[in-house]
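Both complexes shown next keep subunit A, but they swap its partner, so subunit B is in the first and subunit C is in the second.
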Partner chain A sequence: MNRNRSIIFKIIAYSAALLLLVPILIIIVWSFANNWPWPLVFPREFGIRGWEYFFSPTSNSISTLIYSILLSLTVTFITLLITIPASKALALYDFKGKKLVEILILAPLIVSPVAVAMGIHQLFIKLRLANTFLGVVLVHLIPCIPYSVRILKNVFETVGDKFQMQGKVLGANPLKNFIYVTLPIISPGIISAASLVFTVSFSQYFLTFLIGGGKIITYPMIMFPFVQSGDRMIASVYSIVFIAASLICLRSMDRLLRKYYKRGDYFYI
Partner chain B sequence: MIMPVMVIIIGIFILGLIMGLLQSLGYFKAVGLTEITLNYYREVLRSKDFISSLGFSLYISIISSLIAVVLGVLLAYCIVESQGKGRLADIIFMIPISIPHVVAVIMVYNTLSQSGILPRLLYAVGFLEDPSYFPSLIYDRKGMGIIITYLWKEIPFVAMVVYTVLDNINERLTDVALNLGANRRQVFLHVILPLILPSIFSAFIIIFAFSFGAYEVPFLLGPTSPKTLPVKAYVEYINPDFKNRPYAMVINMIVTFISIILVWMYFKAFKWISKYTGDFNE
Partner chain C sequence: MPQIRLENIKKKFENKIVLQDINLEVEEGKLISLLGPSGCGKTTTLKIIAGLIKPDDGDVLFDGSSVLNIPAEKRGAVIVFQEYLLFPHLNVYENVEFGLKMAKVDKRKRQDKVKEMLKLVQMEGHEEKYPHELSGGQKQRVALARALAIEPKVLLLDEPFSNLDTKLRESMRDFILEIQRKLNITTILVTHDKEEALMMSDKIALMLDGTIKQYGDPIDLYENPVDEKVADFFGRRNYIRGYIEKGRFISDIITVDIEIEKEGSVRAMINPENIELVDMKDTHHISGTVKMRKYAGDRVYYTVAANGMDFKCTSKPNRIFNVGDSVGIKIDFSRMVFFHDDLGV
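Now for the complex of A and B:
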């Protein structure tokens, strides 16, 4: 009886995974389909026209991809830089207006980014931040901050500050204490926060599009026209590259941070 | 320590909302509008076009979020029960989160449009005589394409949030209930559900607010009319006549207002629930 139940649940869970994976397979097939008329279930002719277009220098795809990755890495770095101390304060200390600060930090999860971007656009134009790399990075911070704080605050709540107290007692100055004690302890949290923030920034379309004003072109932006015009083959090629690029970036970020902090057991948890 | 984050949040997020609010009230100095008025709100709220957009937006967000929550909870339950942790859970949770909405749109388009894979398969096995017999799920007035795209992204998200809580529920609790004669359904409804309810609520709020305020998916897959509110706001925004800006901002403010009301209801509901079931949110 129990065995049967477990099998049914397994079947459901595996079909869910299949429903998520099959569309990816379909776009892989479609990216190689030179000719695939209705109602054929398999393409009539395979080819690499879409990939040729992607790699041709005229399409600017590679350079946009690299630019986009750099932009999102910048956003990730700044987000971590400003949210690590804030998360620590929210997790471990009591101060006046803490509740309000928390609500404000999490609010961008709820409030439409469209409303925020249109509201701030005029000011960004005045400050000459519109249509610049810096302006786009700044506006990307808004949707990224809440995710990072949610993760890091949790981590600080679990580890507490007893290890930093030890460091302090043993004579480390605040900077050393932060680099050699705090950072290694929270590194698992940093890895997950960095991955999520990178993904959020890398997938961003509307904020870049409005604040970048067509001068700052990121990868999702060069994809849009092909999706709109229904050019399935090219859109599929771009999608595959998007997925591959974000997987590679996440993997290498994970490796890099792990390697950097892998110096033994840090009593995490 | 919270200064840098607050500078960004207040300097961009809050200031952006305030400037939007001012412009929605007709205060837009750059083009010479300086009189505070509620006329723009009145005009927008009276327009038929706006009401149908509001209805369309609410309909898409409510339907997609409700279905996502129900199926997401069931999926999480199935994953926990099947003991298929590790890889399986990883695939189900990580894929949709790392795939952006633009790519999800292409997947839905390639699979479900009238020349997509599904109608082809149906035709091949003889279920379908012509592509036009397949319901048009893209650019349709029922927003099916939009809803399906959101579901594809959101069901695993809800499942992930609920899974973390489910996986941490002490097994003894369910064992005790089973021992006392409860059946599986009763255990789920009276033991497990109350424990995961807070995370279900917060997942619902997040996906509802996201889909309600998002631009990309309805822009790519939605019908020309009705448009969802964020798409409509952008159409008003890019009008070359700057005096049109307040209308865009009114729409934005209404979207923001509805999301805030929702969060407020969430906290109220929370209090109400804990009053009746004891404080389980430890």
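Now for the complex of A and C:
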């Protein structure tokens, strides 16, 4: 009985892993394949044209990638700055209109920001935020905030305010209490929220395209034309870099936060 | 002058009265207990003293001056919570150091103080450990050291023993008492455990439904409760309804001469340990039949039917009666307590 169960479990686990890995393996093969016509199971001609293009200075790929990462890090930072206090308030305090605030914050999960992007664009033109770095950062906050609030609110609900009370009676003023008690205790939640927010921001295409107006170019924007035009070799190269860059960024954010708060493994969310 | 004084403290949570007119005085260096069932407002009282909750009305005074406007972090009243709440991201040393760091004590002094505190709670050598590596008793010791490190004016203990097993609980009680005596620190202990309160406190404040029903020393509370609610909180009691006339307690069940100057309808209370069961040969005692027996090792709890009433009785196990046995009941009448009975006979 138990053995059967573990076999079933293994089958499910391996097939899930396979389903995730196969597409990535295919892109890796594609990134080196000059062409890969239909009946062939494996391509015959290999080359490094895709990688050459990516690293050539004329393609601007690397600088765009760095720019894009910086933009998403900025979005992540601002999102956390807004959502940590907001989530704490939603989780621990009672105030008038709490339900409404909660619905408004989570609204972008239900109504896609793309649907209201035109309106936002109009407004941003008036405010001179269109076509600027700040404008793009602000518009990215819309889809990012709900994810972060959902995670952090749960964390605050689990932890409660008992540690803050303890900090307080031990002489910590509100600011010190926040820095020395609250932040380290919720740090595992911050890592989860930051990872998700970074990924959401890093893969935004339409919002960046609209609000950035072609002036603010992020990585997905230089990648999509290749995916669309069917140059699969170059598209695959860009995809691999996209995946690698996200993974590296997430991993280093995780490491950094864990190191800063010494250890993040005492409390799993 | 009492070191801590609560004056007419009132508190409501969403229209539910939690505390009404709490008055309490605690002398310096004493350990008092707030004893009561869960939900009676004892933890709320503790939080009001610490400054974590503001009372709706009334005043909290330390050494004669009001501390209501002093925030919790400056008040000098530290709570050790039931769950210890050691900061999980800090090791033992850093946990104990926390309060000193907040108070900006310089590093050398902090080091000495932490060392002294860890020695006091016998946790030397555990400095580098993290809370999740400690046992329940060790966590409590560290929590205590952390609270004492900042030399608070008052130590507030919120159900500190309820997460420990019986054996550890007993040794931690002794341990905390020893430290409290040694440092002579004013301490308020919140507990729902009557035995704990009786054994540890200089004084007990019995709280029921948001009020302090009685405040006094343990023996007084047990032997001379102000009313039946207080009496019942401390355990099983026997009540006999009757009246007193010219120094005589008269009832359907017993009639006896007493030395109390009270008249009228009363309910007489007899503690189960003041009833002795004897063999039926001594005929001048009330006779009865054992209805129930619960054996608890060092004590035996009996219920004995006699004169149309069930007497609860606690005796030593040196003579054990069986259910159905005929026994004589010997009551120590001198220790009876009488409550006025408004309902009359």
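Assume the second predicted complex is superposed on the first by the 251 of 269 C-alpha atoms of A that agree within 3 Å, B and C clash if a C-alpha of one lies under 4 Å from a C-alpha of the other, contacts with A are read in each partner's own complex, and residues count from 1 in each chain.
As a working rule, a residue touches a chain if its C-beta (ideal position, glycine included) is under 8 Å from a C-beta of that chain, and two chains touch if they have at least 3 such contacts.
These numbers were taken from a predicted model, which means no experiment stands behind them.
In the superposed pair of complexes, A:85 makes contact with subunit B only, with no contact to subunit C. With both structures placed on the common chain, the touch criterion links A:176 to subunit C but leaves subunit B unconnected. In the superposition on chain A, A:187 makes contact with subunit C only, not with subunit B.
More subunit A residues lie in contact with B than with the other chain of the pair subunit B and subunit C. In the superposition on chain A, A:257 makes contact with neither subunit B nor subunit C.
When both complexes are overlaid on chain A, the residue A:163 reaches subunit C alone and has no touch with subunit B.
Residues 5-6, 9-10, 12-14, 16-17, 20-21, 23-24, 26-27, 30, 38-41, 81-83, 85-86, 88-90, 101, 104-105, 107-120, 122-123, 138-139, 141-142, 145, 149, 196, 199, 202-203, 205-206, 220, 223-224, 227-228, 230, 232, 235-236, 239, 242-243, 246-247, 250 of subunit A are the ones that touch subunit B when the two sit in their complex. Of all the residues in subunit A, the ones that touch subunit C in their complex are 162-163, 165-173, 176-177, 180-181, 184-185, 187, 261-263, 266-267.
Of all the residues in subunit B, the ones that touch subunit A in their complex are 1-2, 4-6, 8-10, 12-21, 23, 30, 74-75, 77-79, 81-84, 88, 91-92, 95-103, 105-111, 115, 117, 119-121, 123-124, 131, 152, 155-156, 205-206, 209-210, 212-216, 220, 230, 233-234, 237, 248-249, 252-253, 255-256, 259-260, 262-263.
Subunit C makes touch with subunit A in their complex at residues 47, 50-52, 71-75, 77-79, 81, 83, 85, 87-89, 98-99, 101-103, 130-132, 146-147, 150.
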